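In what follows, chain A forms one complex with chain B and a second complex with chain C.
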Partner chain A sequence: MPKLYTFIKYFCVILWSCFVIAPFLWAISTSFKDFNSVTGGATYIPWLQFEPTLDGWSVLFKPGSQGGINIIGPYFNSIFVTFTASFISIALGTLSAYALSRYTFKAGFVQNNDITFFFISQRIMPPVVLAIPFFLFLSTLGLLDSLAGLILVYIVLLMPIAVWIMVDFFNRVPKEIDETALIDGCNPFQAFFKVVLPNSIPGMIVAGLFCIIFGWIDFFFAFILTFTNVQLLPVKIVALNSSITPWWSLSAAALVSVAPLIVVAFVVERFLSKGNLSGALK
Partner chain B sequence: MSLNLGNIIFKPTEQYHLNDITLNFEPGKMYTILGRTLSGKTTLLKTIAGLLSPDSGYIQFEGKDFLAIPVWQRNVAMVYQQFINYPHLNVKQNIEFPLKQRKMDPNLIEKEVSDAIQKVGLKGFEERKIQELSGGQQQRVALARSLAKKAKILLLDEPLVNLDYKLREGLREEFKKLFIGSEASQSIFVYASTDPLEAMQLNGDIIVIDEGKILQTGSAKDVFENPANAKVAEITNDPAMNLNKGKIDNNKLILNNEIQFNLPSNLQSMPSGDYLVGIRATDLYLDDQGFDFQVDISEISGSETFLHLHHQDIKCVATIEGVKSYEVDEHVKINFDLSKIYLFKESGELHYSPYQN
Partner chain C sequence: MAKIELNNIAHSYNPHDANPLFALKEMSLSWADGGRYALLGPSGCGKTTMLNIMSGLVTPSHGRVMFDQKDVTHTITEERNIAQVFQFPVIYGTMSVYENLAFPLKCRHFADDQIDKKVKEVAEILNLQDFLKNRAKGLTADQKQLISLGRGLVREDVAAILMDEPLTVIDPDLKFRLRRKLKEINAKYKTTLIYVTHDQNEAMTFADNIIVMDEGEVVQAGSPKDLFERPQTTFVGYFIGSPAMNLYECQADNTNQVSLGMNTISVQTNLDQKNTSNLKLGIRSEYITVEQSSGPNTIHADVIEVEDFGNYKLITAQQDSLRIKAKVKREQVVPTDKVFLKFPAEHCCIYANNKLI
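This part shows the complex of A and B:
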């Protein structure tokens, strides 16, 4: 019986792994193909079934004048915008969440829960609703087509996620810990920075992960709020699409664009396996 | 050097959380606040600590207005019912945290911390993480932290309630030793508890609180023997004191018009009229000549058995020596030790106690 169970367990894990890994393998092999290899039926093994070329990859790095799209600039723009916006969102979101979790706010019928909902409601609307307001807003500020403008918009989009996760996190941290810090001689700021914050790192990592993912994959606002001066990776990749879809370049671009997320996932995974994420506060 | 609370009122909602509390605490003494859950014990402790500000009233400590001093400058220590420590610090760092916060001399900190660790029996655990400790050990860390501080006011909010029985018994003994010990005797200890037995064992002054109001203060013996009113009698006894309506008429004591006794000699001088008749569960006993009662619930507690009984409208709990099992609805013969009967006025005030002179 245990043997059967082990067999089923491993069978499921392997099956699942196939589903997860296959697209990657597919993308990797496609990125080394040319037009003929892609359209000439399903082939998998380089050199044996098709002749690998670096054409798909080179397009990504060639300047426009040579028929490429040169993603290096947009790539670093994307990384800069996503990480800066995520960092600021986490910093502001953590502070707001702590206040929402620990202090009572009241303005007429508006209370803590309503404020929390106000944050989250920013994410409930379909993004299209926000497109025109954001456009007008940024154009008034003169921040259209700029990194600062994008960061500003992404903070608006990402901070609700941070607030949402961190409010939940802080609600589970007994407030007696803050009180003990006060009793032990900390003023409220010291209590937050010396006691609450060091214990909130697991929650902040989770919130950060969500912010980075949501920021990184955004195409819509990056597309609407930028023109030529500043471009982000998702927008640039779409520019690859011409009359003939260059599957090889798209695959290469896809691989390049998931790379930072994979790096982030590995870093977080190290925290997870150390047990730092769970059980820091029971 | 004493701590004085005067007319403290705290009413954050429609209900009073603290209702006109006036208390004096003297250094070197142990005070037990005894009350049921939600009676205001924790609120009172937090008010003394400074975590809550009362709506009105004053708190004076060493002649100074305590309410004007923020929590972090009050030099109090508090141990919570939950095991509250700093999870990101190890045992030693937890204990030295308040001392470092006070910017004490590092050599002195070292000494105080190792003293405190020694006292609570955590030697060898200094480098452990809090999560690696058992509940009892975690509470010892919290205890050591408040001991090392040498605070002038030590507040203990049901510190033993989340521990298992054996540990509770052991730690309670240590508490008494640690706190009533010579060097600590300049501090004020306030211990909140729901457990009458615990309050009696700690043997300090007892403050009985209910619905945010102080019902009685006095020594453990005094509160036990002469509960100020029926409420106190319920709160300070476990099982709660049995209270039934009764009257004295024609040299008879009649309970609920159902059970009659000839008036015992000690009650002869009582005027006739309606009373609330109180008797402790331990003063009921099995007796073949007794009254017929039906068992509602029978529960075994240690080496005793609690019988929840009724006789028509009379309800009471009896503590029977030894472990015995009873069926529900079984009939038993129960008698009352009339020399231990309390009489309360209908308003609840104590009218007669068997310990009165």
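This part shows the complex of A and C:
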């Protein structure tokens, strides 16, 4: 019976791994193909079934004058905008979430839970509802087509995620830990920064991961709020499309664009292990 | 260290409601400097609220909190210089054991050498010296609670150490040793210790003074002896002692006699001109004796059960609706069918409307 259980367990793990890894392998394989290899039926093994070429990759780094799209600038723009907006969202979101978790706010029928819901309702609305307000907002501030404007918009979009995750995290942290810090001689700010915050790093990492993912994959706002000065990676990748879909370049672009998320996932994975999340406080 | 006084303190968590519910009803209490107290009562009786009022985590709805005659009712927690240990261990998970113990001293800007000396001294008292470099998060629940306790003990100048059922997660043997340790600390440093518990044995063995609470009120405060021998209310009689006090409804016959079922019991309470309705007679099972024959204050009852607890026997006997529990010495010969049980007059307590006359 234990052997059967082990077999089923490994079978499921392998099946799931294939499900997850297969698209990557497919994209890697396709990125090294040319037009004929892609359209001439399914091929898998380089050199035996098709002759690998770097054409798909070189398009990503060639300037427009040579028929490429040069993603290096947009790539770093995306990294800068996503990470800056995520960092600010986490910083502000953590402070807001702590206040919502520990203090009681009441204005008529509006209470803490309603305020938390108000934050997350920003994400429930279809993005198109926010398009014109954001456009006018950035236009008024003179921040259209700028990195600062995008960061500002992304903070508005990402902070609700941070608040939502962190409120739940702080609610599960016993208030006795804050009270103990007060009794030990901290003022409320010291209690937060010296005791609560260091213990909240797992929650902040989870919230940060979500912010980075949502910021990184956004196409809609990057598309409508930028023109020529500033471009982000998703917009640039879409520019690859033409009458003949260049699957090889798109695959290479997909791999390049997913790389930062994979790196982030590997870095934070150790913080997300069970031991680090459970018993973080007690 | 300080003398702590609660003057006309009352607290409600919903003071603005039309009918506020008071977790703590109006009371005044005084805690002598260097005393060892236990707050005893069932869950929800207001013990923790009282502790939180003293530490400043809760501001009372009414009344004043005085430390050495200084009004601290609205003084913030960190300025009260109080140590408090909660029921479940609260440790700073990202710090080492050493850093946890040093934290209250660092917050108060003690010199490093003083901190080091004090941390090591407390760690030795609590047997934590081998774990000082370990991450606090990785320790067992009782070790974590020792850290919580240690953070309270590192400061010698605290007004009081408030402990809210601190030994709940600690195993019985260590619990016993820690209670003894706390007594030693109290004797050595003259630190006021206030210990909240719902375990009467813990309270009786730890404290010089016990405050019994029920439904937000202090029902009796006194030494363990007072509480045991002269419970001021039937609640205290029932709550303190194992088994609980024998309590029976009775009627006053004359000045010093009550009738208990078909028995007449003499008591030393003067029942003259007292409100004699809703009377109860209470007697500890420890004071009921087994007699060879009938006599004054003796009840002839059927033996239901005799339990041997090693160092004593517990007799359960019944006469009509009277169920009597008597604790006797282990070597006492107890008849198996009928027994004469004597209620000594000096140990009979009479309660009118559940209050001692």
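Definition applied: the second predicted complex is superposed on the first by the 276 of 282 C-alpha atoms of A that agree within 3 Å, B and C clash if a C-alpha of one lies under 4 Å from a C-alpha of the other, contacts with A are read in each partner's own complex, and residues count from 1 in each chain.
Everything that follows uses one rule, which is that contacts are C-beta pairs under 8 Å (C-beta built on N, C-alpha and C of every residue); 3 or more make two chains touch, one makes a residue touch a chain.
Being a predicted model, the structure only gives us computed values, none of them experimental.
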Checklist line | Simultaneous placement of chain C and chain B on chain A, clash or fit | finding: clash
Notebook entry, point to check: Once the shared chain is lined up, is A:Leu182 touching chain B (first), chain C (second), both, or neither of them?
Noted result: both
Check: Is A:Val263 touching the first partner chain B, the second partner chain C, both, or neither of them?
Finding: neither
Next item on the list: Using the superposition on chain A described above, determine whether A:Pro174 touches chain B (first), chain C (second), both, or neither.
Entry: both
Note to self: Going by the contact rule set out at the top, does A:Pro198 touch chain B (first), chain C (second), both, or neither?
What the structure shows: both
Notebook entry, point to check: Same chain A residues contacting chain B and chain C, which ones?
Noted result: 174, 176-177, 179-187, 190, 195, 198-199, 279-282
Next item on the list: Going by the contact rule at the top, pick out the chain B residues touching chain A in the complex.
Entry: 46, 49-51, 70-74, 76-78, 80, 82, 84-88, 97-98, 101-102, 131, 145, 149
Next item on the list: Spell out the residues on chain A that touch chain C in their complex, using ranges where they run on.
Entry: 174, 176-177, 179-187, 190, 195, 198-199, 201, 279-282
Next item on the list: In the complex, go through chain C and note every residue touching chain A.
Entry: 55-57, 76-78, 82-84, 86, 88-94, 103-104, 107-108, 137, 144, 148, 151
Check: Of all residues in chain A, which touch chain B in the complex?
Finding: 174, 176-177, 179-187, 190, 195, 198-199, 279-282
